[in-house]
Structure formats: C-alpha cells, structure tokens
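One chain, subunit A, links the two complexes that follow: it is found with subunit B in the first and with subunit C in the second.
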Partner chain A sequence: MRSYFSDFPKTALQASYWLFVIYLLLPLALMMAISFKDANFVAFPIDKWTLKWYAQVLQDKQFLEACAYSIFIALMTTLFATIVGVWIALLITTEGMIARSVIFALACLPAVVPGLINAISMRIFIRVLDIPTGTGAIILGHTVHAVPFVVIMVLTRLRSMPNNLVDAARDLGADSFVAFMRVTLPYLAPALAGGMVFCVLTSIDDFVRTFFLGGYQTTLPMLIFAKVQGGMSPEINAIATLVLIVTAAVGLYAEHLTRRSRT
Partner chain B sequence: MQPVVHFRNVNKSYGSSLAVDNLDLAIEPGQFVTLLGPSGCGKSTTLRMLGGFETPTSGEIFLDGQEISKLPPNKRNVNIVFQDYALFPHLNVRRNVAFGLELKGMASDAIHKRTMELLSLVKLTDFAERMPGQLSGGQRQRVALMRALAPNPNVLLLDEPLSALDAKLRQQMQIELKSIQKTTGKTFIFVTHDQEEALTMSDVVVVMNAGRIEQMGDPHTLYAKPRSRFVANFIGETNFIEGKLKAIDGGLAAIEWNGSVVHANLNGQSPAVGNTVAAALRPEAISVLSQKPANTIAVSGRITQSIFKGDHTSLTVSLANGQSVVAQLDPVALSAITGDDVWLTWRENDAVVLAD
Partner chain C sequence: MMVDSSMSDTAKVSPRAGPSYAGWIGKLANSPIYAATIGLIANSRMARLALLLVIPLVWIITLHIGPIYQMARISIMDNYPPAPGGAIYTLDNYRLFFQEPLYFMPFLRSIVFAVCVTATTLVVVYPVAYYVAKVVKPENRTRALLLLLTPFWAGELIRTFSVIMFLANRGAVNVFLREIGFIDRPIILLYNYFSLSFGVIYLISLFMLLPLYSAIEKIPNSLVDAAADLGAGPWQRFRRVILPLSRDGIISGCSLVYLTSIGVFAAPLLLGGPNSTIFPEIIASLFHGSSDKWPEGAAFSILMLAVSLSTVGLFMRVVGGRTVKLM
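Up next, the complex of A and B:
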C-alpha cells in the first residue's frame, strides 16, 4: 500500500471515501427498502412493512418464465462464447501465428463498440442472412459481446502457463489433444470459471441487443422494462432486489475464484 | 554393442544460424553421459531433438536402432526432466508421477504400486498427496525425476535439472542422481554448463562448442588430456605454454618458452617442427621450488599473488616473458611469500600439447 496525500488530514480522506460509498449504495438501499413497503406507491415514508411483493413476484408466472428464458439464453451464450474465446486465445498464443495483435484487436472489438451500434448491425446482419429474430439471434448477439471477456481472461492465464507443461505431457505419452484436455484445460480452469460467470452476467443484463434481436418471448430485462412503462410499483423493486442479490452473489463468487487462481 | 542413441550427421539451423553442426554421436547403453558446454553451444538443442521437441534440419537420429527424428515426443521411448521441472500444478505428487503410466493404459492398482515404489526410492511417500506448489525445490526435482522414470524409458534426458537449486542441495542431488542411474541401469543423458557437475556424475562427458563436439571421453581423460584449448579452458583451471616447437622426441614436444626449452606430452597431436604450438598445464601439476633443481628443466619467476584456499594455496607466478602462471601449493609444504623468486617444474607428461 502507498500513501498519496500524506500531508492531508486523514479524517478528510476517510470522509471522502465514505461519501463515495454512500453515493454508490444509497440508491440501491432505497430501492430495496421500498420493496418491503405495504402500499402501492413508490415513495417515502414507509408506514407499514410487508413481504407481499415478494410473494407476488415469486408466484408471477410471467416473471418466472422470463427468468428461465434469460438463464437459458445466458447459459447458451456462455457455452458458445467460451468455446470461441478459448479457441481465439489459443490461436493468439500459438507459436508462429502471424498478426496476433490483429486477431486480439478484432476479438476485443465487440467489447468497446457501443451496444446500440452493435445491436443495429446485428439486426441488419440477421436480416441479410434471413435468420429470424428470436432465441437464436439473441444468443448470437450476446455471444459476440461475451467473447472478448473470455479471450482476455483466458489469455492472461495462458500467458502465465509455463511453456514446458504441454511439452512434459507430450513427453509422457500424450498426443496434442490429450495434452490439451489433461493439462492446458485444467490449468485454465480458474480463468474459465471467471470468464463464464462474466458471460452469464453480461447476457442476463443485456437489454439493447435483446430488444433488437428478440422475438415474442420476453427476457428478464425486457419484462422489467415493460412493467416500468406500466407504472412504478413496489413489485418492480422486489424484482430488482432479487436480481441484485443473485447477480452480486454470483459476481463476488467469481471474483473469489479468479483471485484464488492468482496465488 | 549397438549404441542406444546414435546421432548421424545431424544439423539444426534456426534461420541462418547453425545450432548443431554435423553432429555425430553414439551413446552406449547404461551410461551416464553429460553434454557439457557454454550456453548456445547446441547441447540443449541436441537433447530436445532426441526428446522430439525439435526436428533436425538434416541427418538421422536412432534410438535402439530405430530412426526416430520425425516421430512426435509421445511416440518415443525417452523421457525428459525439464530445467524448471514442469510439474503439473493441478495434480498432486502421486498423480504427477502416475501421468505417464495412466497414458500407457496401465491398470490402476499397478499404477499405484509403481508410483509408490518410485516415490519411496526418493523418500517422498509421505508427500504423495501434496500439490507441487507445497514442495521445496529439491522435492520438486525428485518428483520430476520419478515422473520421467515412471514409464520406464530407454533413455532419460535431463536438461540442466539442478541449475535452480542452491549449491549444497545441488551436490547432494548429483550424488543421488548418480546412484539412481546406477540402480536403474538406465542411460542418462544430462545437459549442463557446469563442469564440476559433469566431472562428478558422468561416465562419459561430451564437450560441445558452437554446435560441434570438441572432445568426448571419460572425466579423467578430459581433465588430464584435453585436446583443445577450449576443453582445457572449460574444464578446470589451466596454464598455457605457447612457443615455437623446437623438436619432437619420443612422444614429447620440446617447446621454446620463457627463455628455456620445456617438454610436453604430444597428446596424439603431430604439429610441425618450427610452428608455434600450445600446451596445457594444470596448476596442481606444477612443483614450486625455492632453488633451481639440479637435473630437471625449470622456469623461473616471481610470486605476485598468494591466496589461501583452505586445502591449498593458489600462487600466481610472473615469468620473465610477462606471462602469469597459476600453481597450487600444499599450504604446509612451503611458506611462499609474495615477491619471492621461485622455480617451477613439472613432470614432462603432465603438460599436454593442444590441437590448436
């Protein structure tokens, strides 16, 4: 740890830190608080507390279906993005491969292209190829967006892998496929776990691409969007709170996994 | 006897640079062979070609009479111990050692039995369930060795495996390696740049320089009768006697040096009389006398430096021709003082004529 503004009073520095924390967490805390409010209006003060919004949400067939659909899309996206991402990372680290930096730049491009532009271009693309909007198109769009994260995480891990590990496996009788399955892949496991969780989270969170590529079935973000347009109600707060808790838990667990892999 | 490994006219070039230059090398089974040389001399490339990690640009490599230079590593009955051990970090010690056996399709009880036998050979049975990250350098070294020995290879290749260990542990491992080689009776091919390591363990040392074999022989021969200036310099400490060859007489060369004519063993060389020749003379072969000896040839000089080294004293003697000669001295034999004038003499056959 370093000290940057050691001439400043310590309390001032710490106060600014707590201001930042409040700025981050207060809106979320308010949102969660209102989800327990026993009234139909999203406003303070809260006179009576209730769990009825949660009960209502968990019995809401529409909500549960949207959850299942979002999770399905996220898992398929993760599967494809992982395969493509690992393959690109392997290509980039392959001996004698030309234009590695070009491959890397192209693979990372979808992460920096604005989501809206990306979504519109994908929409035109599927129209040209006559691919119908719907599940397949959504997965395609989400996968393009998720690949860069897998590439970057796997690449970082691959670069820390001793060169001799694959040689050692080959030497002990493994052909190149067996060496990959038994040595390279297990070595990549922590990065894969982190990358996959990231894929799931970005896919579940994605609204813009889904909006342009989706069919009649609604994903979770689209359902929330539709509900908000129908007017704010504590029920939406309950949905948001559930999503927040689940994604935060998954995200923190992934962070824990990748952190452990670094030691 | 058929050699277990035979390199025939093997070349390896990277672009325009030649890493291995027309290598011809036959290795007898059951020997501890060391490839010795400075970095970039081609020793590691030679080993990697045998392991299957490099393909020769031209030439043939035979293993047990079979040409293998185009086979992938997994199709060759040799195993390698890597410099950085290359243990699989996600597998415990037992699974690391068992890796090659599993790929051979051996039954799991047989694998377990052999793995534990091997681990007990290096006293690591208690560490079988540890991960490589939890082991010390010496323990990792032993695991890597046993992993490579497990599939029962014809030849074991060792690529500078001791270089990451500290001096004390390295000496201990040298003795252990040699004894494992003796017990298993396998051919070991060991690559190192450390001449002491080579002398300690090897039956045969192959000294390499610039992709070529400089000299090959048992450690004693290499030390006592180096063929070239490179070998004499690389192995141990050496003084060079350089001068005009006056005559050849009964296997001895008479060389004009520092105002007198000194003798050296011809060492299988046949230099032309009148040319300049060089001979190597080990410091410990030199006797340092305070008086000119009556009936042997001796050269005179003055002690310019005296360093006590425990078991001996290292003297630097300056000669009239400006050259410095290093001699070793029993510390109790003579109390040599810097500035003393001394006479140096040696048995004629202890100085050996070099090829270049």
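Up next, the complex of A and C:
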C-alpha cells in the first residue's frame, strides 16, 4: 500500500507518541513503586522494600468503610442514571417528537456545565428544597451528572438499530412494553453495559460534587484528599495503587465490552 | 446475538394463538394485573406518549434547569436565606465582582489559564492522535490507543497525587536530576503555575485525544495521496488537507478541555500555590467556611458559567464557520 502519510516526519511522530505515553505512565508507575517503600515518608530513592503498607491499608477500617460507601453510591447512581438516561433517549428518538434538538441539548446540559458550577448549583438547589446534605444528595448530584453520558451512549446505539425490529415485534402481537423489553433493551445491552461501567467509575472518582453535597461520611476520593492534605505516607500510595488497579481493570473490561458491541 | 435469539423466539409464536412469551416477561405479560396496568398504557397511544413524556421532561426541567435557575435567582438576592421581610432583589453581587480586584483578577487568571492549557494540550496531543490514527497499522491501533487510555481510568485525585510525588522537592524529577549531578538543590516545581498546568493537562488530555483521534482517523488516505500527487509537500498537505479536515475534532476537543480545565477543583487545591489562586477556589470559599456568602458565590458562578459557555460558543463560531450540529 502506497501512502504519502509515511512521508511525514514519522520518527518525530513516533517519538511524540512514546514521550506522551511516558508522560502518562511514569508518574503513576513511580507512585506505585513508592507504595512498596519501607520508610515513613514519601520520597525517592527507595532503599528497602516492604508490603506492610498494603497489610495496614487492608485492615484500615476507615478505608474499607469509605470503599463500601463509595461503591454503594456508585451503584445507586448507575441504577437511576440508566433508567432516566434510557427514558430520555427513547423520548428523543420517538417518531414525530417536536423540539428534539432542544431536548437533547437540555439533556446534555449537566455534562457541559463546568464541574464546579454543576456542584454549586446542586448545593443551592438542595438547600432551596430543604434536602439535607448526605447520601441522598450525593446520589442525586452524581445521577444528574451521569444522565447525559447514558443518553449519548444509548442514542448512538439506537441510531444503528433497524426500525423494523420493533415493528416486527409489534406485528407479531407484542404490545409496546413487551417489544421494548424483548427487542429494544437486549439490543441496547452492550451500550448499557459500557454506560453503566462509565457511571460507576465517574461516580467513584467524583470529588467536587461529593465535596459540596456530602455529609459526615467520607467517600473514597474525600478520604484520599484528606490524607494527601494531611501529610504524606506510603499508605496513601498503597490505597491509590489498589484503587487504580481495580478501576483500571473494570475500565478495560468495559472498553472491551463496548468495543465488541460496535463490530 | 441477543437480538437474534429474541427475534427467533418471537417468530415461533403463531399469530392465531396470540402472543406467548417465555420467561418472566411472559408471566408478567399474561397476568391480569399487567393487562390492567402496563398493558393498558402500552396499548393506548395517548397514555404511552404521556408516560414517555412525563418522566424525562420533569427530570430535565427540575434537575437540569432547576439548579441553574435557583442559582441565578439567589445571585440577585441581597441575602440568603432571605431576611424575614422577604428577599430584596439587587444586582450588587455582580457589581461587587467588577469592583473588587480580589475577585476579578483570579477570574481573569482562570480564563487565561484555561486558554493556555487548552492550546498546549492541542499542540501536545495532536501529533500523538495523528500518529495513532494514521501511522500505526490498523491491527495495532487498538493496542496503541489502550496504552494511552489506561492511565485515565485512575481517578482524578490519584493522578493528582502521583503528579505531586513526581514534582516534589524530593520527588522523582528532582532526585533524578540530583543523581546525574545536574543540580545541587531541588528546583521548586510544585505549588505554582507549572505544577498546576502539568497536573491539569495530565488530568484532561484524554478529552483532547479521543475527538482528535476519531476525526483524523476519518480522513481518507486518498485525499492526502491526491494532494501529494499534485505536488504538495508534507507541510502543505498538513496545512491544506489534514488540518481543515480534522477541524471537528479540534473544535470538540478544545471545547471539552476548556470547559473541564476552567472547572477543575481538586487539582488547584492540591497543586496550586498561594500565587496561583484561580477562580474556582474563590467561589468555593464563599460557600464554605465562616464567611458564608451564598448570593455572591452564586453570582460569581453565573458569571463564570456565562463566560465559559460563551467562549466556547464563540470559538465554535470562529473556528467552525458554521453551526455545529448537536445531533
């Protein structure tokens, strides 16, 4: 294959790619390395190695509670965001729907508004409505932020769905609810799986909304933030490494799922 | 695959016998309660449309527009919670912003910072996206992309933390430079604009990478070949063919990066220093702590929202040259 793309300073492009990979990976790799350091302060070089920080972290009740709390919030967020997101996407794709692009733009609004403004407007909103800060408020805030992403993912998938599938089901006697459950929903499954993992990961990672909407119970990012501000110890590195490995594994799996759905 | 199975199942049903379904959905669909509730709604066009409309519209109006409306309302109050006599509406909070350099300067700094970060990210990421989309062989492309994506699955705080340790006085960079004898004393890399930009670009370059990648990947090789056959050199091919055709990717990548970098919150708290206070920290301080000034905070948030969205709008107009299609 003859391609004039190869005329380009190919080595320079390749170098830029690898430099960028190093830029992205090196800080994380070094952070993981320090989690094995046998000393009480975070600094290079590493003279002695140990696993004691991991042992300590896995017995740290505060850490485990924060994990459980974050996972709970993430799952609730995902549940609500998926239901609402699919619902909005269905409304947008309904035949003869007026003002489609307006609804779509408004549905995407929370994703476009900068994170801090989003969090502050939610904080004001719940105070006006007298909703207390805490678990409910966090879940609400995270859900509002996650809905646009579900809408976009579901819409993308719905657009590739042949119209006649639902029509066929309806012709064969299924009412629209059954047709939705048996035809549309299974067709959406891969997009939904990807969207749900995305919701879980963004919710677990979210700091700014939790910062403004949270109560006394700490989530995982709040805990890491407090520990980083409170002084460094390789214990934070161990926590970060554990969280990183789990989220990266989940993320890669989701990537795999959605990639397969596209082919 | 799942579609196939559901289709073949449905196909087996003979029309005369009426629909019968396997599994829980069949039990549900055939139960009398179903016929009286969901079935009734599903079979009436009006009820179906109402059900389809109500929840999404209520959700969007209350939770997508509601918070911003409330923020705008409180931003023109003189006090929140309002005094017993009822709220007095005023524009003083907005006036305060323009009169007080303490608020005004960080705001300008924030905007300039976000613009610089966006431009730097574009310049740094463009060759990378180009390399993956056009130079890497198609069968290796996924792998090359995944190598770049994986770090982004680590959370915002974890990546910020790793940047702190990378740049600290006894961090990786300084220790390395000292070991090779380049410096005697650590260079101060942390808690200034350098660390802040380094960290923010580290956090958000993905938002630039993905749109650029998908735009560049779509450019047909034949166009570039044609330009080359007509005598265009590498620079001209880039300038006249590739750059204009990747415009959509540049627009969405820059908008995303700009909007994200203007609203970053954790990174400035951890990576910024006293001299690099940017606007998000100012706004947040009005909502927390002893000096609880909600109307001022709301007014500043509205200003920031308006300015950031209108910058993006302007940018899309100028660079896009046409209205960007949302759908």
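General remarks:
To be clear about the criterion, the second predicted complex is superposed on the first by the 253 of 263 C-alpha atoms of A that agree within 3 Å, B and C clash if a C-alpha of one lies under 4 Å from a C-alpha of the other, contacts with A are read in each partner's own complex, and residues count from 1 in each chain.
Everything that follows uses one rule, which is that contacts are C-beta pairs under 8 Å (C-beta built on N, C-alpha and C of every residue); 3 or more make two chains touch, one makes a residue touch a chain.
No experiment lies behind these values; they were computed from the predicted model shown.
Looking at the shared chain after the overlay, A:Y187 reaches both subunit B and subunit C. In the overlay built on the shared chain, the residue A:M196 is in contact with neither subunit B nor subunit C.
With both structures placed on the common chain, the touch criterion links A:V178 to subunit B and to subunit C.
In the overlay built on the shared chain, the residue A:A74 is in contact with neither subunit B nor subunit C.
Legend: residue contacts after superposition of the two complexes on their common chain; A:V150 is shown touching neither subunit B nor subunit C. Within the superposed three-chain model, A:D167 lies in touch with subunit B and out of touch with subunit C [touch as defined at top]. Looking at the superposed arrangement, the partner reaching more residues of subunit A, out of subunit B and subunit C, is C. The residues of subunit A shared by its contacts with subunit B and with subunit C are 165, 168-169, 172-175, 178, 182-183, 186-187, 189. Those residues of subunit A that touch subunit C in the complex are listed here as 2-10, 12-14, 16-17, 20-21, 23-28, 30-31, 34, 42-45, 84, 87-88, 90-91, 94, 100-101, 103-110, 112-125, 128, 140, 144, 147, 155, 165, 168-169, 172-178, 181-183, 186-187, 189, 201, 204-205, 207-208, 211-212, 221, 224-225, 228-229, 232, 236-237, 240, 243-244, 247-248, 250-252, 255, 259.
In the complex of the two chains, the subunit C residues touching subunit A come out as 2-3, 6-7, 9-11, 13, 15, 18-19, 21, 25, 29, 38-39, 41-43, 48-49, 52-53, 55-57, 59-60, 63-68, 70-71, 74, 124-125, 127-128, 130-132, 134-135, 142, 144, 146-166, 168, 170-172, 175-176, 179, 202, 205, 221, 224-225, 227-228, 234, 237-238, 259-260, 262-266, 269-270, 280, 283-284, 287, 294, 297-298, 301, 304-305, 308-309, 326-327. Residue ranges of subunit A in contact with subunit B, taken from their complex: 162, 164-165, 167-175, 178, 182-183, 186-187, 189. Subunit B meets subunit A in the complex at residues 51-53, 72-74, 78-80, 82-84, 86-90, 99-100, 103-104, 147-148, 151.
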